[in-house]
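See the structures that follow.
In what follows, subunit A forms one complex with subunit B and a second complex with subunit C.
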Partner chain A sequence: MQKITQNQLIEKAASLLSDGTVNAVLGWSRGEFGYDVTPKMFKTEEDLKENFVWNDFCGVNFSKYLVSKTDRFDGKILVFLKPCDTYSFNQLLTEHRFEREKVYAVGIPCEGMVDVIKLKAVTGEGISEIKEDGENLLVTTIYEDAPVKVAFKDVLLERCINCKSKKHVAYDELMGDEGEVIESKRFDEVAKIEAMTPDERFAFWQNELSRCIRCNACRDACPACTCEKCVFDNPQSGVENKAPANSFEEKMFHIIRAYHVAGRCTDCGECSRVCPQNIPLHLLNRKFIKDINEFYGEYQAGAEVGSRAPLVDYTTEDLEPGEVFDRRDIDA
Partner chain B sequence: MQVNEHKPLIVAFCCNWCSYAGADLAGNNRLNYPADVKIIRVPCSCRVNPMFVLRAFQRGADGVIICGCHPGDCHYTSGNYYTRRRMAALFSMLDFLGIERERTRLEWVSAAEGAKFAATMNDFVEKVTALGENKRLEDLRCKR
Partner chain C sequence: MLKCSLDKINSVFEEIAKTAKLYIPADDKDGSAVYKQWENGIEWSSSLNTVRSPKDFFLPQMENLMEFKTEGKNIEVIDNRCETEDFVIFGVRACDVKSFEVLDRVFLSEPVDSYYASRREKGVIVSTACSKPSETCFCKTFGISPEEPEGDVTTWKTEDEIFFKANTSKGEALLEKLSAYTEECDETVVTEQKEKISAIMAKLPLKDLKTDAFGGGKTEEFFNNPVWEELSGSCLGCGTCTFVCPTCQCYDIKDFNTGKGVIRFRCWDSCMYSEFTKMAHGNNRITQKERFRQRFMHKLVYYPENNDGMFSCVGCGRCLSKCPISMNIVKVMKKIGDVDA
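Moving on, here comes the complex of A and B:
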């Protein structure tokens, strides 16, 4: 249930395109089905009016797209950023991954996005039409005549249930009202796993990670993973782009993937959203964020441009790795 | 006497300037520490990439210990401070995934601390031996 409408966005994009402020619009277009919204570069008003969509399935974080789009496109690009996307936007600016001058950012409010996997769990496969009805979604499938009523808040993405901020931290122009940073309970799940015994934790992760098919979607969608040469593409490594051969490779991939974004991860939740196997990858990232907050002080990546990531910084008084465990034992 | 007692394999990453010299001193002083410890010399403890630690486990290590100069004494001024943050994060993550926390350790050993080196290694090997084989981060293809 988005507060801002598709037509408002199309109008805004069309006016900025026609007055020459921007030369292209990075937006969402309808995919094969109503729920698989696909990113697209719009260059004409006709195209915008025909194909641009804005609905409850526009979860894609466009910040990462700016890295390759600004590089290959001569001219200014209009991008619509939801609050959580603006954190990634700032983080990428901090890392000098794209030129700020080539982007015109419009902040748009977001009421949370729908998780297609959760939705399909309720309605089943074969979704042919999705309509909004107040606080509910009316979903028609090809197998049933009557549409199924699904409460919007029941099928939200995990990251939206634990939304950390409705405030935009970067924009050139803002549409709608500005929100607030939210005191979320996003670390509760991590704390729950921490409270388990090592055997339970091991079993939990073995169960989750063994589903991994190494499609690399988590890496490709992650706005923090923007290296041009990735360690997982190295043909000498023995782990390049192939399904994990055993449980070690699963763990190694996920530990290293999460570690490489530790301190830079804004917790945008793209990794979990794109995972076709529904692995709770955000928990690994949040574990690092939680640790960093506890050991080195509160830090929100992307909250401001130019802040120094905790893992490339130090103080002489830092905790020793052993003390970390001692402290946790005392707490427990 | 037990015949098939498990002999652990311990990988020790030692920084060239302090801990490696500390190990040397332990040898010169004829201090005993288990032969299960395999020392890998690195230019600085911050040369140790998290991938090194995981790779060591993959190739059959039962424990990984990283030794560096005491905080403030790094040959490169600040290398070991970075190590400290990195390894705190990595070890905590390994613990989060259910890997026994006694299998990893970070220790500061100076070039004058031969005795500390030997004592640390004795203690570490004893703890890892008690844990037994590394089953949780093993790669069956690399089995010895």
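Moving on, here comes the complex of A and C:
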């Protein structure tokens, strides 16, 4: 359902490679079943033609990869960025995590990406091929004679259903429109949780977080988590934990992480996308974003390079800490 | 061969749960499944398999090994072991049953890991043949039969019936207890079922994946292959693949200071983690390339070298569906082994 085609991207990449603008292309490479694409550095036109894919499963946010890729690669890298990825891109630049000159960013429009779990809930197991057909996906499985038709908009990732912006906030070149910031309902779910009683809320998170297997995928995919050594990996930190000893530690990991990315999280949605246990981690971060918006005025991390997040800035308009305390019952 | 109507499955579960803790795959969020302890109301999931593998039953993600209390100059050693209960795991898939053999070869060879051993002894495994394999399944690559899984008891499920066959004395004892609900039958339906499964397996996208290129003695051949660089290039080092894998077995043993003593515990570790091989002299796996290579070389070369050619992947497909960047053992096998499939 993407407006821009795979061939257009391959052509663009190949021409930028051959005219020497870039030396490598960070793109998505073909998998086994149509949906399992893997990020890859392409260095030749042949490789691009053979393996580069752009389809409804290119959810991976490349911005974080630029930290390690620019560090290890001598030369300029072409990166294709969806609108949401450009916010992470800016945020990483704000934090001086990679050198801007080493990257050539091409903004590409995005109509939303598909959640394989949702897709499989409709089609069942045994997917062998996925084709696009207007507003639908035609999914061939080994169990059905005819391909199963699935409406694209019914199987979008949560983050895409609640897409906050189709605007590219960073690029060297655009393919398609710059796009607009759009209205989203992304805080609705947070409001529902706020409306719970403290006990209900505790039970909600207890249930979700107790399913965590501490694989760290959420942290490792998160563009705001780019510490050279995470405190949870550091044997010297005293809180290094590979497995949570109890439910307190389980929650501690997530709460510490949410605090650490507060004001820096762009709400890119990677944490929830990658979680093998389908834990709605984005809700924790969105709560912080919602609170920041309400307490200090609208703020979108990554909307521009160099902006000072309200939590690390001071203005005389800032509300008094006591006011936060007084407001705690407003929504209840 | 015994059979029982699926209407009576709840009574069967109830009967088993009278004498042992019973765990079955139950529905979790969003169509995924998880092993839950059975109690009235918990239903057998129709999902193919659980996200977390059943290795937890024998090698829990975290377990206390022992405790030390200090008073003055005395140290008291406290036995806090808890792996003493009888339990039954029901509905285990063929791939996962095989994974127990992979783990056995590690934990039951000298020196025997007594924690693992007593759990293995207490546990009864009831397997279930797969009626709806996923595109990510490739158990056949490793010679595993989803038509007739191993285990203490093998079961086959049809629309309305379940068939049982005991393979061990533990299995026989379990079926003995269920005699009020089961009746003798011949193998006709099960044979048909097996043929159906074979027909499905022959249609799976990974059906032609072979292990021929791999096995013991291949370290030299693969270790310095430049392709590792590319394959590992996007790996996040998150360890999801190792934590969902039924055969990944690495662990760490640590001491937790309680203030009055120490609790010594063991927890899963992962070769994908940066501190995994950190030693007094430093770390011999400096980048993700070395860590990534280790995971796959272990499964495809080192383990078979030490275990009569047995591979330590069972083709369950968990790493295929759960890796955040869709990098996995199949992609590695195809690239490194140059296997066409």
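Note that in this section the second predicted complex is superposed on the first by the 312 of 332 C-alpha atoms of A that agree within 3 Å, B and C clash if a C-alpha of one lies under 4 Å from a C-alpha of the other, contacts with A are read in each partner's own complex, and residues count from 1 in each chain.
Operating definition for what follows: a contact is a pair of C-beta atoms (placed from the backbone, for glycine too) under 8 Å apart; a residue touches a chain by one contact, two chains touch by 3 or more.
As the structure is a computational prediction, the values presented were derived from the model and not from experiment.
Chemist: Per the contact definition in the header, classify A:I142: touching subunit B only (first), subunit C only (second), both, or neither.
Modeler: Second partner only.
Chemist: On the A-aligned overlay, A:D199 touches which partner chain: subunit B = first, subunit C = second, or both, or neither?
Modeler: first
Chemist: For A:L311, decide between first (touching subunit B), second (touching subunit C), both and neither.
Modeler: In the superposition, A:L311 touches subunit B alone.
Chemist: In the overlay, answer first, second, both or neither for which of subunit B and subunit C A:V231 touches.
Modeler: first
Chemist: Once the structures are superposed on A, label A:F33 by its partner contacts, choosing first (subunit B), second (subunit C), both or neither.
Modeler: second
Chemist: Which of the two partners, first being subunit B and second being subunit C, lies in contact with A:D291: first, second, both, or neither?
Modeler: A:D291 contacts subunit B only, not subunit C.
Chemist: May I ask you to decide whether A:M1 touches subunit B, subunit C, both, or neither, giving the answer as first, second, both or neither?
Modeler: After superposing on A, A:M1 lies clear of both subunit B and subunit C.
Chemist: In the superposed view, which residues of subunit A touch subunit B and also subunit C?
Modeler: 245
Chemist: Touching subunit A in the complex: which residues of subunit B?
Modeler: Subunit B reaches subunit A through residues 50-51, 54, 57-58, 71-72, 78, 81-82, 84-101, 104-106, 136-141.
Chemist: Which stretch or stretches of subunit C touch subunit A in the complex?
Modeler: Residue list for subunit C touching subunit A: 28-32, 34, 48, 51-52, 61-62, 132-136, 200, 203-206, 230, 233-234, 236-240, 243-244, 252, 256, 265, 267-270, 273-275, 278, 320-322, 324-328, 330-331.
Chemist: Inside the complex, what are the residues of subunit A that reach subunit C?
Modeler: Residues of subunit A touching subunit C: 31-33, 35-41, 60, 65, 116-118, 120-121, 124-128, 141-143, 211, 213-217, 219-221, 229, 233-235, 240, 242-245, 273-274, 276-278.
Chemist: Can you tell me which positions in subunit A touch subunit B when the two form their complex?
Modeler: Those in contact with subunit B are residues 193-194, 198-206, 231, 245-246, 248-249, 251-252, 255-256, 258-259, 262, 284, 287-288, 291-292, 295-296, 310-316, 318-322, 324-325.
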